[in-house]
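So, here's a batch of structures to check.
Next come two complexes built around chain A: one with chain B, the other with chain C.
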Partner chain A sequence: MSLLSIRDLTVRFGRFTALDGVSLDVNAGEIVGVVGESGSGKTMTALAAMGLLPEAARAKGDVLFDGRNVLALGEDQLCTLRGDDIGMVFQEPMTALNPVKTIGDQVAEGIIWHTGMSRAEAREKAMAMLERVGLPPSRFPLDRYPHELSGGQRQRVVIAIAAALNPRLLIADEPTTALDVVLQAQILDLLKSLVRERGAGLMLISHDLGVVASMADRIVILRQGRVVEAGPARQVLREMKEPYTRQLAEASTHRPNRTPRPQGKPLLDLAHVTRDYATPRTRLFGRRGTFRAVDDVSFSMCEREMVALVGRSGCGKSTLARMILALDRPTSGSIRFGGQDISALPDQALRQARREMQVVFQDPYGSFNPRRTVEWLVCEPLHLLDAHPSRDEARGLAASVMARVGLDATALDRYPHQFSGGQRQRIAIARALITKPKLIVADEPVSALDVSIRAQVLDLFAELNRDLGLACLFITHDLHVARAITDRVLVMSEGRIVEEGPTADVLDNPRSTAARELVAAAPDLAKELAKR
Partner chain B sequence: MAVWLASRLAMTAATVLVASLVVFGVMEVLPGDPARLMLGMNATQDAVAALRTQMGLDLPLPVRYWTWITGFLTGDLGRSYTYGVPVAELVAERLAVSLPLALMALALSTLIALPVGLFAASRHGKTGDVAMMGLAQIGVAVPNFWFAIILVWLLVLLPFQAQAWVAQGGLWGALATVLSPVFAFFQWLKLPAGGFPGWEAGSVAALKALILPAIALALPQAAILSRVTRSALLEVLGEDYIRTARAKGLPRNLVIRRHALRNALIPVITILGLQFSFLIAGTIIIENVFYLPGLGRLVFQAITQRDLIVVQSVTMLLVMGVIVVNLLTDVLYAIADPRLRRAA
Partner chain C sequence: MAMLDPAREAAPDPGVWRRALANRSFLIGLILSIAILLAGALSFFWTPYGISGVNVAARLQAPSAAHWFGTDHFGRDILSMIMVGARNSIAVALVAVGIGMLAGVPLGLWAAARGGWLDAVVMRGNDVVFAFPALLSAVMITAVFGPGAVNAIIAIGIFNVPVFARVARAGAMALWPRDYILAARAAGKGKGRITREHILPNIMHLLIVQGTIQFSLGILAEAGLSYLGLGAQPPAPSWGRMLAEAQTMMALGPHTALFPGLAIIIAVLGFNLMGDGLRDVLDPKLKAAR
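Presenting the complex of A and B:
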């Protein structure tokens, strides 16, 4: 009998059907990958297994854990199950821990609750567990608070909480989506070794077929609340019987069709750019320390060039991007854009530079004012023009950039919440295009998007480069994106650029440690498929 | 933490200095010459001038500021023009009424608001929540002096009237008979409808005199605070770490107590700190309604009688009180939230 057996599970919210007859099994000692895009019902499946469905949900079918129907259990019985027999790891490590409690207390809490151990014993056990997940108490004492840890370290704490009592089933819902590729590989390794050494089952939920391919014994593909395909990982990945599975695989390895263009005049030139931040005082009359976020960075870009800036989180990529966009000034060094040193110009003199370079951010949800129409949002950069267009002219311009990104002019009268993530990212690109820029700085522009949408947006960038001669600086930790769309790559580590060269060369034969680490950690579906 | 506290203390001292300059400056530009007021309209120019010299009013501005502020900081608040006694004495006497009143009101409003907010949040969208928040809506809308009048009527006047109704019989009589144990209890309490016997009359009598004003002050505050508590809790209950706690197997009420409450306290502390200044403003009205010899009434009378030295000193004291409460609020924040303990 399987450890977890979900049979014909249907979950409805009013008239909306989140899950429609889902069946899947997780056996002891088995890793089952559940793959799907947003809205496919992955998270609902996980919550149903924990008996944590939202109150408004109406569930039908069976969720059998060890023969007991989770959907029929009372709250008290569920409480003895959760945390003891089933542990759960969540997507967002930055918010999954209580900010006002120490990590020791948070790990020990579940132990005390389920076993009735004394606080001292539980802390002892918590210490051992934290050590096991890679947070040795000598360096990470129990009285640390979550804000004193990085994202990867926090995710280790969440795993320690979930695994503290040797649960028989571990559910990990996108456990690495918010982490950079190197951390992702470490966390996946940790999860794998934890369940292997204890013979537990693992339900690994991800939108990324590449992540699941390297881990899972069996794969379940979900789409719009239904199981599209399920089977042994090897078989699913090799045969790809279902067109949707093939579509997912193709989308995640998608490369836009593009030929490198002859490069134009120099556009952007950074010379010895350094940015220091003051760190808080630790003693009353002590000196403030400095933290060097960007350290002596020099590089240049030409018109029409597609360049990737890759590196792990915290390596200084975003700080560098802010300085290029003149949103922050370097402590020393110069940034020349179109021949002008923009790091030395006063704010009022930056209009031309701001017009000629625009930005697209990662989060298509957070980067729009929700109370404005798309027309207002897309037209906003027009104030940078010297001649202010009339309302009609502005609308005409907006309609033309919207057409350029593949959206209808009728979209202009709607509000951001009425669009999907991919459409919003198109709107963000339209907003960037309206001043006819020469350079777009894109900070992780596709990492919040589903793989199929990601492929479309990458195609769009390739098209803009081809048709408009737009240069793009892609900031990303995702090497697929770098490989798919850029000609040249800069590898950044601890504030410095440690390697630079044609994208294919660097990614195939990385020389620096940082680049090698990134390449080794990146989940690679193509390689995984070849291996099988 | 020490660095943080030192920087907060330095900022507090600077705020007090700026506030003292503003209070002094405002009193300077107000019309009305205290010497003329004290001597009356018929006094000669010479007499007024002599008094001005005696009071030090003809000294240059910086000197007078310096004399006032050094006196203030050493406890010499000057001498009241109208009462003819040291202001410090007057204030100390009045504080003995106002401070317990404000503290009682603050404690009452917190004691009412936290459980009500907790109750409403844990029954979000259900009848209990709707009923509590409906009551809170009324509490926010109704001014405290109206509550004061209703309280006096309900607890002091109505029990007497009820006896008459019982004697009359009829529908009202029947109702009054049913409720008579309640009214008897109210009568047994013997709460005064106003006035203050002084602490020398015994602490029970003094506290009895303060309880109705404190309730009247506390109710509107409690209404606001319970709404804040409820919405803060509801917001926290939607956080990811609440799901983490539930996934540990903790039952819902334990999750609220251990994980939600302390995180929800931060906005509650903010409002509590802000309410202190409203409480002080509220005491001026409530002390007048209940005829209590408190600081509020002192200021009110001093303003109408242009006893500027009293107004100036009491204002400064109240300003300092508010600043100190703000400092306490900041310290409470840091205790509640470890992320705020870093140096500013």
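Presenting the complex of A and C:
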């Protein structure tokens, strides 16, 4: 008898079917990977297992945890189940923790609630648990607050809370999506060792087959609320019986077809760029400290070149990008773009440079003003042209860039929220293209997208490079993106560029510690497939 | 997991009126507010009786078919006086909110856009104004410059400035780090233009909600000032002074205090409920948090 057994579960919201006859099992001591793209129903499955389905949901079928039907239990019984027998790890460690409570209290809270232990005993236990997840009390006292920790450390706290009571089942919903690859590898290791040593079951939910491949004993693949394929990981990965599974695997290892372009004239040249930030005073009349986000960075890029800037989160790559875009000024050093030192120019004199250098951001949700039409948004950079085009000309230009990124001109009259994440990223690219730039700086342009959409967007960038001779600087922590479409890679660590070279050379034979760490941590489906 | 989608959260929403009317507190507030506004508007053309004529013979009559709300100690019709008083209250509150918005919103937006020491100076200045109890300072202002409707408006208006400055600044500060603002900067737009095109439309809902609430507070403040004799001067009727005059007459004609009091309650409650309802409809995040 399995620990968690979902049988023929159908969940409807009004006329919309979120889950359609889903069946899956998680046994004690087993890691089950649930893989699917957004809208596939993977989170709904997790919520059903916890008895946390939204009120508007109508559920049919059985969710049996240890023989008891979760869907039929009352809220009181569910409360004793959650946390005690089932622990949950969420995607976003920032919002999963209460910002005004110390980490010790948050871990102890559940222990007190479920076992009725005294506060002192519970804190004792919380301390042991935090030590186990890699936050030893000597360095991370219980009275720390979540904001004093980094993203990876916060996720460790969330895991400590979920695992504090030795739950028999852990559910982790995209536990590493918000983290960089090195932290991802550490957190996955931690989850694996936790469930292995306690013989608990783990339901690991992810959109990335690569992440699941290295972890799971069994894999369940969901698509549009249905189970497409389920079975032992070995078998699923090796045979790839279902076309959709193959499609997912291909998308995850996708590399656009491209031949390196002959390099053009030098385009961008950074010399000894440094950026210091003042840190807040620790005492009332104390000195302000400085934090060096970017430290003596020099590199150059040519026209039509595709370059990746890789590094872990917090290494200074986004600060560097903002300085290249002249949205922030270096403390010292110079940034030359098209022969002009843009780091010293006043805003008014930057129009020429801004026209030839545009930006695409990571978050396709946050990069548009929600109250403007797509036409208005795509045309915004036309402001930079010396001769302002008429309304009709602007619309014509907008329609042509939209066609370039594969969207219909009718999209211009709609609002950003009417588009999916992938479409919005295309609109962001269209906006960047409208001034016919020579360089696009893309800050994690695909890391918020599903794997299949990611593949399409990477193809689009490759196409733009080929057809328009566009140079791109890709800022990413995902080595796969770097490998897929760039010729040269710069590895950044703690504000410095520690390694530089042709992409394949650096990624196959990393020399610096930072690069080696990144390469070792990157989930690699191809390697995983070869291993099995 | 339904991703938190900032694009959806503030997108233009054709269903906003339908949802607003389905919101009970907005609907009740709207009905009460419209009743007060209509009463004030109607008084320009017609009132049941004149309000300047003294008719001692008909003084202190209880509510009847002829005088729905009764008469006061000069024999004037209370319903007529409340109707004319409504327009006085509305005018004072409206102009006071206008002063607050016109001065406060640009100040807050400016502070948010510039940041640094300028932000600190503007906001500490706001704190100073905030630190004075508003009504007490309004009493001081009218005492110095003389009582009257205009001075009451200015006094109440001044205390609306920091309220709007704060709301505008807080809203703007939350928007400045957004990617679409960075994209606009990369498109070469200056801070003033970004504020006009991106920030202001996205904090409008905050300002509308705050506006309705300040409006109701303005009505209350006007009533308080005229109760003390510092607002509109006789013979212009005002709710606050009607209450003050009724005070000595409570034993003989309690209705003389009851109806102006009810008018104040209905106006304040109406605009407050409307503001609350609007907040729920326009800012669903806040509702979910409650």
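Convention: the second predicted complex is superposed on the first by the 532 of 532 C-alpha atoms of A that agree within 3 Å, B and C clash if a C-alpha of one lies under 4 Å from a C-alpha of the other, contacts with A are read in each partner's own complex, and residues count from 1 in each chain.
Note that in this section a contact is a pair of C-beta atoms (placed from the backbone, for glycine too) under 8 Å apart; a residue touches a chain by one contact, two chains touch by 3 or more.
Here the structure is a predicted model, which is why all the values come from computation and not from measurement.
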Given the alignment on chain A, is it a clash or a fit between chain B and chain C?
clash
Contact-wise, after the overlay, does A:161 reach chain B, chain C, both or neither (first, second, both, neither)?
first
One more residue to check, A:371. First (chain B), second (chain C), both or neither?
second
Given the touch rule stated above, what does A:50 touch, chain B (first), chain C (second), both, or neither?
first
With the two complexes superposed on chain A, say which partner A:84 touches: chain B (first), chain C (second), both, or neither.
first
Touching A:422, do we find chain B (first), chain C (second), both, or neither?
neither
Just checking: does A:41 make contact with chain B only, chain C only, both, or neither of them? Give me first, second, both or neither.
neither
Using the superposition on chain A described above, determine whether A:173 touches chain B (first), chain C (second), both, or neither.
second
Quick one: is A:510 in contact with chain B, with chain C, with both, or with neither? Answer first, second, both or neither.
neither
Region of chain B that runs into chain C when the structures are aligned on their shared chain, from 135-143, 171-179 or 261-269
135-143
Spell out the part of chain C that touches chain A in their complex, as residue ranges.
1, 3, 5-12, 178-180, 182-190, 197-198, 201-202
Mind pulling up the chain A residues that touch chain B in the complex?
50, 52, 75-76, 78-84, 87-88, 90, 92, 95-101, 106, 109-110, 113-114, 145, 147, 158, 161-162, 280-284
Can you list the chain A residues touching chain C in their complex?
38, 43, 91, 173-174, 322, 325, 327, 347, 350-351, 354-355, 357-359, 361-363, 365-371, 377, 380-381, 383-384, 415-417, 424, 428, 431
Could you pull out which chain B residues touch chain A in their complex?
2-3, 6, 239-241, 243-252, 254, 258-259, 262-263, 336-339, 342-343
